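Given below, in the form of structure tokens, are the structures.
Below are two complexes that have subunit A in common, paired first with subunit B and then with subunit C.
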Partner chain A sequence: MDFCIGIRGNDFVLLCEDMNAAQSIMLHKQDHEKMLDLNDHLLMTRTGNLGDGVQCAEFLQKNIQLYQIRNGYEMRSSAAAHYIRKYLADTLRSREPLEVNLLLGAYDVISNTPQLYYMDYLGSMATAPFCAHGYGAMFATSILDMYYHPGISVDEAIGILNKCIKELKKRLIINFSKFNVKVVDKDGIHKLPTISVEDGIHTH
Partner chain B sequence: MSRRYDSRTTMFSPEGRLYQVEYAMEAIGNAGTCLGILAKDGILLACEKRITNKLLDEIFETEKLYRLSPNMVCSVAGITSDANTLVNELRLIAQRYQLNYQESMPCEQLVASMCDVKQAYTQFGGKRPFGVSLLYAGWDHHFGLQLYQSDPSGNYSGWKATCIGANNAQAISSLDSDYKSDMSLQEAIPLAIKVMYKIMDQNKLTAEKLEIATVTRTDEGTTEMTIIPRETVAELITKREQEIAQETQK
Partner chain C sequence: MSIDEYNGCAIVAMVGKDCVALATDTRFGVQRSTITTDFQRVFQMGPRLFVAMSGLVTDAYTVSARLKYRLNLYELRENRPVSPSVFVSMVSNLLYERRFGPYFSTPVIAGLDPTSGKPFIAGFDCIGDPSIGSDFITDGTAGEQLMGMCETFWRPDLNK
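And then the complex of A and B:
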């Protein structure tokens, strides 16, 4: 029932997620942030089971921090992505599999490139210039196919994001009221204004 | 002496010493020397071969140099069978990291992991420590070219130039005076010969007894170990002998 989207530019990765926290028909919260900073240059968002999502994200965040404390340097983004993927793959065939789909936005400070990783609950992983999870992904991907171009700027990316959100409001049965937007670049992770859908799309 | 505290590897003596660990280092003090020099464009490892019987079949290219992973190489001094076990374990540790992170294991992390294993044998389990010291040479994208040394106690440190095995103290004091921080490999190789010549019995230093390799980073982004051919080593030894002859004449 949730939705997240990632867009990669030349020197940044933008991640956006819905802010609903729902269980079955009950909407607990409409300003719930799921996105988590795994380290200074790694941003992760997710869809799926709320509890599994928190367990997964916090466990990964702490382990990535431990690596940094032990070794004196950050876990490299590609290493972190593979580590996370392997974690999902390992839990798949052991205890209860984690029902979480992930989007990982990263900036590799060593090669100076932004990276966007798409992972699903079965432990598959792919890099992509743009991707999305959830029912909303079906709409968002078509819009991105149309309007995305390499070398996109942050403002252009937000423009496309607004188009996606407008489409979701019009055609998706699920009602999302707010969207959390963050961007990761060489200077770290920055929070952008929350996008609100009431009375037309505007930002706070 | 406190012989009562010898046989238990995991007990301190009243003076606060771990005798088994010290005895392990004693064993290494009788083994073939290994020298390592960190130059700005590569790392040099020079080893004294002890097994030089003509009847030996040359199955392995090197006696004391081993490749641990795509980016690390090591040389060993001490009990050969212990060394084989440690090298096996090091290779496993490196590959496990690669399985998890899909990148080569950074040098210090590999050395530290191995040393944690070695330390365990000095604290619990009742088994004797490994009678091996190792020199590790490698490259990673954090700190570039690095040279590490570890010993049976599980202690390790990073070095610009160091030596393990027989006469290592003499070699280190020799390196102390002659090593320069911005040395190139071309300058390090004759320095290694000079030091090896000094510490080994001068009558007996021949190219058959030396194994010299350089660890360098290629343009394609790989870490290569190049073994210096025997003829080149022989030439360098001859050159050194001539230098010494000239010096004694003056």
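And then the complex of A and C:
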């Protein structure tokens, strides 16, 4: 019942997620942040089981930071992505698979390229210019197919994001009231204003 | 929906005159949704040896990574590129290790023998039974359809 979306530009990756924390029919919180900074240039958002998500995200964050402590430099984005993929693939055939779908937004400071990785709970991994998880993905992907172009700017990406959110408000049965938005670029991870859906789409 | 159809793919390998061809589709999808259209299923294992992995994407990547690991060790020990027939045994062994919990991905090998230059193609099932082909090998959810097309158009000694 969650939703997350990622859009890659020339020098940034924008990640957005819904802020609902729900289990079955009960909505616990509407201002819950699921996105996690794995290191200075690696941002991860997720959908799926709340408990598995937290365990998975924190475990990965700590291990990626341990790599940095041991080696003295940040784990490169593609190395981190493959590490995360292997972790998901290993847990798949173990005691209990983790029911977490991920989007990884990264900026590789060595090659100066932004990267967006799509990963699902089985451990499938793909790089994409834009992608999304959840029921909302079916709507968002169509809108992105139409409006996305390579070399998009952050403002244009937010414009497309607003279009997606408007569509979700209109056509998706699930009610999302707030969306958390963050951007990764060469200067690190920046939090953008939360997008709120009550009484029209506005930021605050 | 069966596990082999979760991601879906189409793979074909063909023997020609002193050459081989290997083709895959480039769709990465999850059931009926398409995520990307530039997905790589072919992995290079040697200067003239390629393997294409069909089926579930996660297992396709896991098997190709484990295979490359074993291949690298072989080439370090033997100090020569692997020959396709030895590679077939390597793949078969790796897949059979998981006999009672198999990888849902089947490789298709296409390459030339490093010494003789003879074309070589092979297909497998998910537990490692090899079929060395003399004409063409097809695999994936569109395997039967490709088999029909190959039967119609293939003839020996096609040039590239």
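Convention: the second predicted complex is superposed on the first by the 204 of 204 C-alpha atoms of A that agree within 3 Å, B and C clash if a C-alpha of one lies under 4 Å from a C-alpha of the other, contacts with A are read in each partner's own complex, and residues count from 1 in each chain.
Criterion: contacts are C-beta pairs under 8 Å (C-beta built on N, C-alpha and C of every residue); 3 or more make two chains touch, one makes a residue touch a chain.
Keep in mind that this is a model prediction, so the values were computed, not measured.
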Once chain A of both complexes is superposed, is A:3 in touch with subunit B (first), subunit C (second), both, or neither? neither
Between subunit B and subunit C, whom does A:71 touch in the aligned arrangement: first, second, both, or neither? first
Which superposed partner A:117 touches (first subunit B, second subunit C, both, neither): neither
Per the contact definition in the header, classify A:125: touching subunit B only (first), subunit C only (second), both, or neither. second
Subunit B versus subunit C as contact partner of A:138, first or second or both or neither: second
Among the partners subunit B and subunit C, which is in contact with a greater number of residues of subunit A? C
Considering only touches as defined above, state whether A:79 meets subunit B (first), subunit C (second), both or neither. first
Touching residues of subunit A toward subunit B in the complex: what are they? 71, 73, 75-76, 78-80, 82-83, 86, 110
So in the complex, the part of subunit C that touches subunit A is made up of which residues? 7, 28, 30, 33, 35-36, 39, 56-58, 61-62, 101
Sort out for me which residues of subunit B touch subunit A in the complex. 99-103, 106, 108-109, 141-142
What residues on subunit A touch subunit C, complex-wise? 85, 88-89, 92-93, 118, 120, 122-128, 131, 137-138, 141
